[in-house]
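Below, subunit A partners subunit B and then partners subunit C, in two separate complexes.
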Partner chain A sequence: MTDRKSPKTTIRQMPEPSRRAFMAGSAAMTAALFAPKTLFAADYPTEAVNTTGLAVTDDTVTIGILHSVTGTMAISETGSVQAEKLAIEQINAQGGILGRKIEYIQEDGASDWPTFAEKSRKLLVNDKVASVMGCWTSASRKAVLPVFEQFNGMLYYPTFYEGLEQSPNVIYTGQEATQQIIAGLDWVSETKGAKTFYLLGSDYIWPRTSNKIARKHIENFLDGAKVVGEDYYPLGHTQFNSVINKIRLRKPDVIYAIVVGGSNVAFYKQLKAAGIDMTKEAPLVLTISVTEDEIRGIGGENIDGAYACMKYFQSLDSPNNIAFVQAFKDMYGEDMVIGDVTQAAYLGPWLWKAAVEKAGSFDVDKVREAQIGVELTNAPEGYVKVHENHHLWSKTRVGLAKADGQYEVVFETADLVEPDPFPEGYQ
Partner chain B sequence: MFSDYTMNELGAIFAMQGFAGLILFSVFVLMALGLAIIFGQMGVINMAHGEFMILGAYVTYLTSNLFADYLPSVFGLYFFVAMILAFIASGALGLFVEWVMIRHLYKRPLDTLLATWGLSLILQQVYRSVFGAREVGVSIPDWMMGSLPMTDMIEVPINGIFVMVLATGISLAVYFMMYRSSWGLQVRAISQNRMMADAVGINTAWTDRLTFGIGCGVAGVAGSAFTMIGSTGPTAGQLYIVDTFLVVVFGGAASLLGTIASAFSISQAQSIMEFFLSGSMAKVLTLLTVVGILMIRPQGLFTLKLRK
Partner chain C sequence: MESSSNRLFSARDLIGFAVLIAIIFVVLPIALDGFRLNLFGKYLTYAFVAVGLVLCWGMGGILSLGQGVFFGLGGYCMAMFLKLEASTPENTSIQSTPGIPDFMDWNQLTALPAWWEPFNSLFITLIAVILVPVVFAFIIGVAMFRRRVGGVYFAIITQAFAAILTILIIGQQGFTGGVNGITDLRTLKGWDIRSEEAKEILYFVNGGLLIVCLVIAQYVRKSKLGRLLIAMRDQEDRVRFSGYDVASFKIFIFCLGAAFAAVGGAMFTLQVGFMSPTLVGIVPSIEMVIFCAVGGRLSILGAVYGALLVNWAKTSLSESFPELWLLGLGGLFIAVVMVFPNGLAGVYAEHVEPRLMALLGKSKAAAPDSAANETPAE
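Coming up: the complex of A and B.
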């Protein structure tokens, strides 16, 4: 433990004893989440594992973290940064990747899409990072995509998003739209007997594409179900009284809400103020855009009784998840909450580590090849596996929002849901 | 358009939509009053108006926590205390900002735009550093949530009524200060002719500072009230700034009545269109109409008649 600050040096001088001591010491923090592997930098000479001039030395490898920590999106992206740093710290505590400690360079996208592109260029060209954990909005991902493809970088993207994309330079660790939407609609139709749906969203690509998929599924695959209304409001809209009146008039069984950001808070507060008690489920509110993070702003008492459909909830009762939540709280404080995207961001460094070790190399082309089929057996959300379309196989779950700001998991798909970024019949 | 609904339903729609429009009207009035004082009377383009509102919202958040911890028995009443504190906090910040920054820029109105925009960025980052980047949840007393059922179809949200009462109260207060107090007389004198006002012995520097402070204080009260209907985060003030300027400019900069008339027409138009069209389309049409009217009548709906 005396050499904790520079474990790699110690390992090469006197490998066995001090490495064990080091790992025993860090076991409490990592809570034996991911079984450590015994890999030594000496077995993987730098010139062999890095043939393309990445920032890899004999005992370190540098990656990039690229999120907004200032500006509008800082609200959402802060959790992702925290999760990625936690994963990196845990990986380092286990001995790093191919015997090398991960160092990171963090850049701020500042909620501005051209800034994202500029910073990703800096990370790839100047810093020569081996991979990048980053982006949150689709707009920022679209902005950095040409840069990653031009300079052959590797991006691990954590957000659930609209699909319709599959880049060789991106691994999508969140769900694409069909994974998130279809299982939830099937569930609400089967268990709640829902027939009529009111689709609502903020006015940009993700809610519109998602609602398009939802509408196709409702009209073509759910027996006798129909959409009775569809509405979009500008980002940042704060007055929902008119649409609430419309909803009250159409009397849908389900309000399918994909409202994001500050609008979310306004929408749920006004829904409650208008006398629509979500716990009575008439209408039932089903959302795909409210994670535990958003509930902090909305207030648990204002969304009590709504359902959310995504792949991860903080309340998930599995040993992996309990250990993850504890490690997260130990690092950032007891009052932290963890949403779906935060968990997906946490998977990024682990997936990359698994691919690098499988490839025995940091070279982006080899990592990309090795990445397909990589599985994590003890991710917080459970078992996940990388599909050849660069998305993850994962389960979809439905959670019931509680007044304390947490979800109670009421449903989970029996099998992993296959990612299908270009769904046939939904275009 | 109407064929899907029965007569009965149509009646209820118009009643509830009318009410939704009135709530929106009150929200607009609350947002715009502070700016109407500052921009209308002083000609300062205050881009940080939204951030003064959010200061009020954060003060409300702190007050609610304070009451929940130390005075849980009277938690239901904290909102009134919070609004007074919000007025004081935002007003004090306004006085300070006027003294440090604005007073040096009175002769350069366009520069106030840049300076106050910079100020808004600074304030956003301060909120982010102090309260964190995430939105905070302000717990609203139970009696303010929920709705009053009028008939089977028609329900009226209580917080909507509260906002309406508040908007009326503050409008009246501003009206009396503006047109029935010596301060108001001085403010109007300065806005009409600064040099003459100076010459007849009005302390223009102090009146300016007070005017700016009061405008900011009113913004703080508005922000406090909006914790009921919107989010409280470092950048939430940005959500309001466009609508606020829209209302003030459309109404005619120097006219309180104009601000109210413009808030009324914009809110009614928007809530009616929102019902029959999609939300985004309603916004587009509202903006187009306002731009069209301003092209014909650049001074806004109401103006002071002056001999030039």
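Coming up: the complex of A and C.
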């Protein structure tokens, strides 16, 4: 906590923010403090702000929300849907975008990748939505990507992911892999003196790519550190006893775990049952796949003492975040938890609004151009800015899991971390 | 009925085929815009599987819960060809190893695996689309039917194959694309399959292939083989004791069902633009049986309508009620099974057709007596 700096210091490292982007970025909770410049639709005639036939009228603009609300991914994606709706409501309460209220069409991807492709086509071709907030898994993003590129749509994608992608039609509001991995490994090496790492993951592209980056960083950049094991298990796997035995045999300093979904529940429970007390930090567990949402399934007492590396934790102690958490709970109930991805999803509508107002147009090509360099000065996670590679400059933070299901922030990078979806030296 | 059994199409069959052809080639293209037409094209690819299931399950009594395997194998063969064509060194210049599919590069492969090489050729791919699933079905068929494994045991084993293939594809992601599947397919011999016009052409190609499969299925139905299949379903031992090699017939019909499914899978890949393991596994395989059950497992035309209806309901329910639609769909299935065990075809034959015939008979001949009880005169 000691090395945290106020967001102001990092702003100075960035190019001077434009006045309009600054204003547009103001979130609802600060509306009272910085009365946002109200934009009237009459100043922006529809035929001028919409030259490509999008669903924009004199009073409304329609966007799409495309997540799984049924099927196995529903439990993860529901938070994103809620955050996006909250952001839309707040923007509308402020007067909307270019004087127009946002309306949304929600489609269900049903945890099924062809369905995602079908629904994205429907949103872009039939409904002519001006932008889409959506997708969660890499597989669903890969399925809709050709559709967005073909019909020139704009997708705001919230999940931290493996990188290796930079589509002109996607704004990645989550972290790419290096943003989530490198600072966390540096931290565990410097403050905990970790030398040996055991890499573990579910068997698909994100954990594999993330562990590849982690291995390169451990072997090439951390002094004297090495990887003592690397294992993958199928999605939904629930028997981790054999790997836990291997871990006990090799005695790594750090278990680097990228286990996802339901497997998490089994993994942490079995770790605890095997007598590995995570609060003793021998070995220390560092994960990049468990947010507050997952802890609800795992149970706080089963993961107490593990560390997670994210850009956002619900417990973040800043006025922006406290207001955001309160607004979220007011809308959806006191027992809601907010994970990293939920916060990233919340940024989507705000980033789009800022870009539209900077461009003075809903046209996708103009929004895309205006989007680069857009800043949000008071996002819940703090200051963020859109890099020209369509990812966000964000801080990396490390949180310590507590028995109550929340993380305590123990470290954050002093500066924003530059997104680098195609990292040199890590391929 | 008896008098018509030696002809490929009775008048009744002809009307049914004519109506279906009219719906696929005239009504749907006129009534729907490009986007919806492409969706119906996708639904029709499942109809291939459903028609195969009518032959295997409805007629032959072989319930396969693993048709997704053959659909997937056909689809993956096609996807491999399209992916190689999309992975030109120019398109993939950002990779460590340009010229190989992107997912291979992400998984640290530095060269194209040898078994991918044949899929550089469209001709070999088109053969593989049919041959790979059929050979696989043949191996399963020989292993099972020669040992007289049948009924529920066979269904469970086919389901296991669906699970195994899914795990294999996901596990070998460097070679198969893993969970993400094979995505971002662009052109077929330089022809952009993503354009509106291409989608429309593919829809008609798809419809044409479906009619071909239906004619083949109709031929099987009307042939001696078809009658033997029904005999095997109802009294397998009697057929065996009459001197017929029951296993060979079963293997043949299972392979034919697999070939139909494979064609559907390949057309799916072309129309949707990607292939993924979610179309191979247990859930889609069971869904395909549901399409067949809803349409009526004894009717090849009913199976097509079943696939169309269920998928259309899926799409429109999920558009209107994104959070509740699965419940509605579940209710629909329960209703069909409880109330109409023979599916849409059963409803038509029992309730619609007699009235239709009565009406037609009245207006035509004004001689109503007994017309309703007879099949149309030859």
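Here is the rule we use: the second predicted complex is superposed on the first by the 392 of 427 C-alpha atoms of A that agree within 3 Å, B and C clash if a C-alpha of one lies under 4 Å from a C-alpha of the other, contacts with A are read in each partner's own complex, and residues count from 1 in each chain.
Basically, a contact is a pair of C-beta atoms (placed from the backbone, for glycine too) under 8 Å apart; a residue touches a chain by one contact, two chains touch by 3 or more.
Since this is a predicted model, take the numbers as computed values, not measurements.
Taken together in the superposed arrangement on subunit A, subunit B and subunit C fit without clashing. Look at A:Asp304: by the touch rule set out above, it reaches neither subunit B nor subunit C.
By the touch criterion stated above, A:Leu249 is placed in contact with subunit B alone, subunit C being left untouched.
By the touch criterion defined above, A:Ala273 lies against subunit B but remains apart from subunit C after alignment on the C-alpha atoms of chain A. When both complexes are overlaid on chain A, the residue A:Thr238 reaches subunit B alone and has no touch with subunit C. In the superposed model, A:Asp203 lies in contact with both subunit B and subunit C.
In the superposition on chain A, A:Glu292 makes contact with neither subunit B nor subunit C.
Contacts of A:Lys142 after superposition: subunit C is touched, whereas subunit B is not reached.
Contacts of A:Val265 after superposition on the shared chain: subunit B is touched, whereas subunit C is not. Shared-chain residue A:Thr70: touches subunit B and subunit C both. After superposing the two complexes on chain A, the shortest C-alpha to C-alpha distance between subunit B and subunit C comes to 5 Å.
Once both structures are placed on chain A, subunit A residues 69-70, 203, 234 are touched by subunit B and, in the other complex, by subunit C. The touching residues of subunit A, counted against subunit C in their complex, run 69-70, 106-108, 110, 112-115, 117-118, 121-122, 125-126, 137-139, 142-143, 145-147, 150, 162, 164, 203-205, 208-209, 212, 234-235, 422, 427. Remark: subunit B residues 5, 9, 12-13, 16-17, 19-20, 23-24, 27, 125, 128, 132-140, 145-147, 149, 153, 155, 157-160, 226, 228-236, 238-240, 271, 274-275, 278-280, 283 touch subunit A in the complex.
Residue ranges of subunit C in contact with subunit A, taken from their complex: 33-35, 38-39, 42, 94, 96, 102-103, 106-108, 167, 170-171, 173, 178-181, 183-186, 194, 272-274, 276, 278-279, 315, 318-319, 322-323, 325-326.
Note for the complex: subunit A touches subunit B at residues 69-72, 74-75, 78, 203, 230-234, 236-239, 241-243, 245-246, 248-249, 261-266, 269-270, 272-275, 293, 295-302.
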